[in-house]
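Can you keep this structure in mind? I'll have questions shortly.
Labels run A, B, C, D and E following the written order; every chain starts at residue 1.
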Amino acid sequence: MTLRARIVVERPAFRLDLDLTVGRGEVVTLLGPNGAGKTTALRALAGLTPLTEGSIELDGVRIDREPAERRPVGVVFQDYLLFPHLSALDNVAFGPRCRGRSKAEARLLARELLDRMGLAEFASVRPRRLSGGQAQRVALARALAVEPRLLLLDEPLAALDAHTRLEIRSELRRRLSGFDGATVLVTHDPLDAMVLADRLVVIENGAVVQEGTPTEIARRPRTDYVARLVGLNLYRGEGDGDRVRVGDLAFAAEEHVTGPAFVAFAPRAVALYRARPDGSPRNLWEGRIDGVERHGDNVRVHVEGPVPVAADVTPAAVAELDLTPGRPIWVSVKAAETHAYPA
Amino acid sequence: MPWLLVVPAVLGMAFLVLPLAGLLVRAPWSTLPWRLSEPQVLEALRLSLVTASMATAVCLVLGVPLAWLLARTDFPGRRLLRALVTVPLVLPPVVGGVALLLVLGRRGLIGQWLESAFGFSLPFTTAGVVVAEAFVAMPFLVIAVEGALRAADVRYEEAAATLGASRFTVFRRVTLPLVAPGVLAGAVLCWARALGEFGATITFAGNFPGRTQTMPLAVYLALETEPEAAIVLSLVLLAVSVVILVALRDRWVGAAA
Amino acid sequence: GSSSTESGLTVFAAASLTETFTELGKRFEAAHPGTKVTFNFGSSSTLAQQIVQGAPAGVFAAASPATMKTVADAGLAGTPTVFVQNKLEIAVPPDNPAEVENLKDLTDPRVKVALCAEQVPCGAAAAKALGAAGLTVTPVTLEQDVKATLTKVELGEVDAALVYKTDVIASGGKVTGIPFPEADQAVNDYPIATLKDAPDLARRFVELVLSQQGRDVLTKAGFEAP
Amino acid sequence: MPWLLVVPAVLGMAFLVLPLAGLLVRAPWSTLPWRLSEPQVLEALRLSLVTASMATAVCLVLGVPLAWLLARTDFPGRRLLRALVTVPLVLPPVVGGVALLLVLGRRGLIGQWLESAFGFSLPFTTAGVVVAEAFVAMPFLVIAVEGALRAADVRYEEAAATLGASRFTVFRRVTLPLVAPGVLAGAVLCWARALGEFGATITFAGNFPGRTQTMPLAVYLALETEPEAAIVLSLVLLAVSVVILVALRDRWVGAAA
Amino acid sequence: MTLRARIVVERPAFRLDLDLTVGRGEVVTLLGPNGAGKTTALRALAGLTPLTEGSIELDGVRIDREPAERRPVGVVFQDYLLFPHLSALDNVAFGPRCRGRSKAEARLLARELLDRMGLAEFASVRPRRLSGGQAQRVALARALAVEPRLLLLDEPLAALDAHTRLEIRSELRRRLSGFDGATVLVTHDPLDAMVLADRLVVIENGAVVQEGTPTEIARRPRTDYVARLVGLNLYRGEGDGDRVRVGDLAFAAEEHVTGPAFVAFAPRAVALYRARPDGSPRNLWEGRIDGVERHGDNVRVHVEGPVPVAADVTPAAVAELDLTPGRPIWVSVKAAETHAYPA
């Protein structure tokens, strides 16, 4: 186990209290709404924000008393923070220089790293003249140049346009798989999280609310925030083995759960009908259309009712069903695509 | 055009520039070539430029770290110290000169010791002129640089710290290059003020041609006997400083914070 | 000329006359109930500049005939009268570290001497006195006025200086004055004059200065009668 | 601790503050209560505070638009004008006073006309003191505000324009509130400089107790008669200004520029 | 037709030349890579950047000579640019005040608008204390308060976290459908573009490269940028009726095209095989695996070969086919899901 940390940071009206362990070569992603404390956690790990309580252990050595400049970490900041007055090469060479390498050595190392990032020809360019993606790679090279044992990335893709983002995301994925320290990554983007992380840690309001592999979390969200993030409908109810009761409704699901339980299903598992459909009455209720919006090739319909629900239907269905806001509609959810799990 | 802005702006400009025009009109231009050929005038001009530049250098060496201390650290009494930095602004320069004599003069708190230990005394020397000018001009530098430091993005400094840079390395290799325009602006103010400095200089360093007689001192003495000569000398000083400032171009206020 | 109303008089006087003229002003006011004397003390040359530029003065008392001449040349002053003279003394710190006793001692290169610049009256007088004595002194500084010169002695920055007797007296013991005979050949005249368009009060103030009463006040401060 | 920074910073601080300590040691404290009870001293102090504040107000009214003109518009000769703004910094204050007399004196270019048209003359009046102080102190305000304007985010101004705001409305309702800290910093520098102003004031406005005799002028006269009184007066002036500046707190350099 | 503009802006090393028409109530989205000229176009419309050439006509009246403050436009800036020193209410009232309303009137109008945006309770709050979504709505209210005939939105959702973004996007959609002026919107996000726009205009390098409805563009991209944006594989070749030849390959498609043509297909239309599959040899070639990354629930595989191609496969398939980089692989594309259209 490489990183083992308990991070407590108290601020007026905010308290972050987080246990975090990251193994060698593992990538853990911190996810959470604005103001959840993600940046604060990274800053505490890097030594830029002091801990109120807790400790940070890296490879068994406590580093929480060390100032930032003595911690073996590399940080890639959200907007990179490349030094604007230094060339790409000197940006990368900055760390090794500070850690005692000679100027020539540091530049050699920096040149190698830039080479490996495919940026050899940009070595002498100032950051202002780099594209977002190039800057991202320089920032990563700069962080890696100090040979950190802990790599911290704060929304490293937030500043990119959609197109560059795709490229950089896979690039980053490739780089991270070659890095054998521990990596903690902060992001708002569910796709980034899914693609890059071995494990997700979801924080809300300073505390961990869910933890697990991307697939696990995508399938079994435990809070509204996570559900919305992965695009599922989520309700909390009471399982009685066969079904999960949510208010007046009862959801049949694949799994059998007793006691407090969640039910989750994707918008595409929801079918809409103008009249009450025949057949088994399970997972069926009447609601009222709240809004309709295009969503990729499909159309997403928001339905009010005993519980609010989002449904994805084809444009053809919209025309056929005349899905205009205010109209009453029948909602049914396929039990086979509904997941239930203990709350 | 926003006349409510342009009219007072033009008035303000006129207010600053018209007196200069008054001097220009009144100056006995015909005597200019002759004055400029007087060795004493050139000597005073040279001394002014040299001492003002050296005073600016002293202010940079001491004042930039001081600005850093005031902007980037927190210690009890910081607010009071920051207000004390403006003291040489409020102190009438002649009193400033007296204060310097009390501390650095032959019988001053520190001067006494300098004299007995090194046989070295500041008053009546060119070094004394530099000290007097630096004392009066340093607040400008400190306040301008402190403002720039407060406006600068500390995240670059944090980034440098995570790369292993000590606080001094951060300062030298990151902070300083980033606030360079602010430092330049402060240095210009500082230099201009040092160039025009009169009261503290004459009180602390005295007035001896070629050693401590800067242009403002020459101007003051010329005022006693031939006011028009004084005007010509002032204009020469002004012209030189404006030429130098324009040559430094937009940069100096440019990106200054 | 709003400042020289019937009951008001504005006097422009050299800064070295601050104490004596303030005293005389009080006496003048006492002798002329209802009048108010306002003083503008400054360096003689500044005052002359101000008068030439139209300052509303009734009386001008200068520390040198040259500055008075600037005003007279502009046609602004009546006939000036010399009302006092000021004599030089050697001022040394009370402990007299360089053991200066006479003018000749000032030529010793080990003695740090401050003189006034030749552009100002005390400097002109010093040059005259030294010339009369046939001595050459290399000062460390040529001060812009006599008070600055005196300050240097008071603070011990120089070992000796040539200043006026009045200044030695005014320093209240912080410097010691050493009279020297050559001073008689370099007295500095203080002229006084009423100014153009001045009220009658101005003439009466000049009379007070020139009277025995005025002379007493002035000589007590170390000035000499002309 | 980065000693390479802390050591020069402490030296710089000492350099600025020690002379003050020299004055404090030397001052005849026992006479202080007596001096402070002298009506003339209180009068001079009051006049200093009033004129410095009024001069600052004048500088704000004329200088802020001028800074705006220099920072936000482009016209031929702007660079030269910006360098000319520093003129009163370089000009020895006494010469500045002479220049003001040449323009605004009773026989001056404009003063002549003011006198004949309105029977109004500036020199030797309290208004004259304000003018002299404003002339010397305005460059500080202009340069500080211009720096703040250049550093401010013009996008807010663009946003206001798209909402239909005229350039003056933009200035008044958006620009000015946004650069308020910079304006405040400039005003403090300006006020401090005006408070300490001597040469231009005595030359342009004379030295009349209760009318034009500010503290620095009183200090000058005291130097003529009792040098130690001069020190006490200077210290009173300093103490008052430091108290006022500390009361303005961190704000004034705070987010400035 | 409400807006009819020809916008030419020349800069050293950049020239924007754009024809743009937007009807009453229509929402047109400008899309394009970084530096394409989108912001420049909006700024020119708003009067913040002068035109080098061209003209802007709104409801038949030329406005390109007017200064910004006299144009009947409302702008929502990328980071909102709410005045930090004014309350939400005063921010909204700013425009009406400037356009001559009395203080009371302006505040009344502002209060109404904030009400309609569901922000009544935030009227007196300073922008710094608003969440991103609230700020976005205040910015929109501020722009609408001047009753613009042209609404310009520059990346209005860029500053939001993924969760808020979803909400704000549908909110914005709702607001825009109630606005009867012309709307021009700039975005980097394909989803935003699809959801919000009636018509897309794609700019690259200062010129329009493609224009059309979202569906049209999503189905028939004409440049690599657009293809990547909508997540399709795109090649340019020569149609001979039956097929489209791209280098040595020949793609069979749904449509028949002759002459220069594009072929496009989604990554999920690509199937991978370890050995050459039997059956019809159409749209089939051998390549080499270049990279593998998670992509939502699926895995995206990049394959090098005669043409580079991206394929989406299930995680199960990855294990089964042993899809590790460097391995040779057979690629086949379903003709039924391949679209061909003239270039």
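Methods note: a residue touches a chain if its C-beta (ideal position, glycine included) is under 8 Å from a C-beta of that chain, and two chains touch if they have at least 3 such contacts.
Computed from a prediction, not measured in an experiment: that's the story for all the values here.
Chains making contact with chain B as well as with chain C: D. Looking at the partners of chain A and chain D together, the chains they share are B, E. Taking each chain's centre as the mean of its CA atoms, C is the chain most distant from chain A.
As a whole-number value, the distance joining the C-alpha centres of chain B and chain D reads 16 Å.
Inter-chain centre distance (chain A to chain B, centres taken as mean C-alpha positions): 54 Å.
Residue numbers of chain B whose C-beta contacts span two or more other chains: 94, 98, 102, 108, 166-167, 220, 223, 227. Annotation for chain C: residues touching 2 or more other chains are 46, 49, 151. Listed by chain label, the pairs that touch are A-B, A-E, B-C, B-D, C-D, D-E. On chain C, the positions that touch chain B within their shared complex are 43, 45-46, 49, 66, 112, 114, 117, 119-120, 139-144, 148, 151-152, 155-157. Of all residues in chain A, those touching chain E in their complex are 33-34, 131-132, 161-164, 166, 169-170, 173-174, 188-191, 194-195, 214-215, 218, 225, 228-229, 291, 293-297, 302.
Note for the complex: chain B touches chain A at residues 155-156, 158-167, 169, 173-174, 177-178. The touching residues of chain D, when paired with chain B in their complex, are 1-13, 15-23, 25-26, 61-63, 65-66, 68-69, 79-96, 98-100, 102-104, 108-110, 134-135, 138-140, 142-144, 146-147, 150-151, 166-168, 171, 182, 185, 188-189, 192-193, 195-196, 198-199, 215-216, 219-220, 223, 227, 230-231, 234, 237-238, 241-242, 245-246, 249-250, 253-257. The touching residues of chain B, counted against chain C in their complex, run 94, 98, 101-102, 105-108, 123-124, 202-203, 205-209, 212-213, 217, 220-225, 227.
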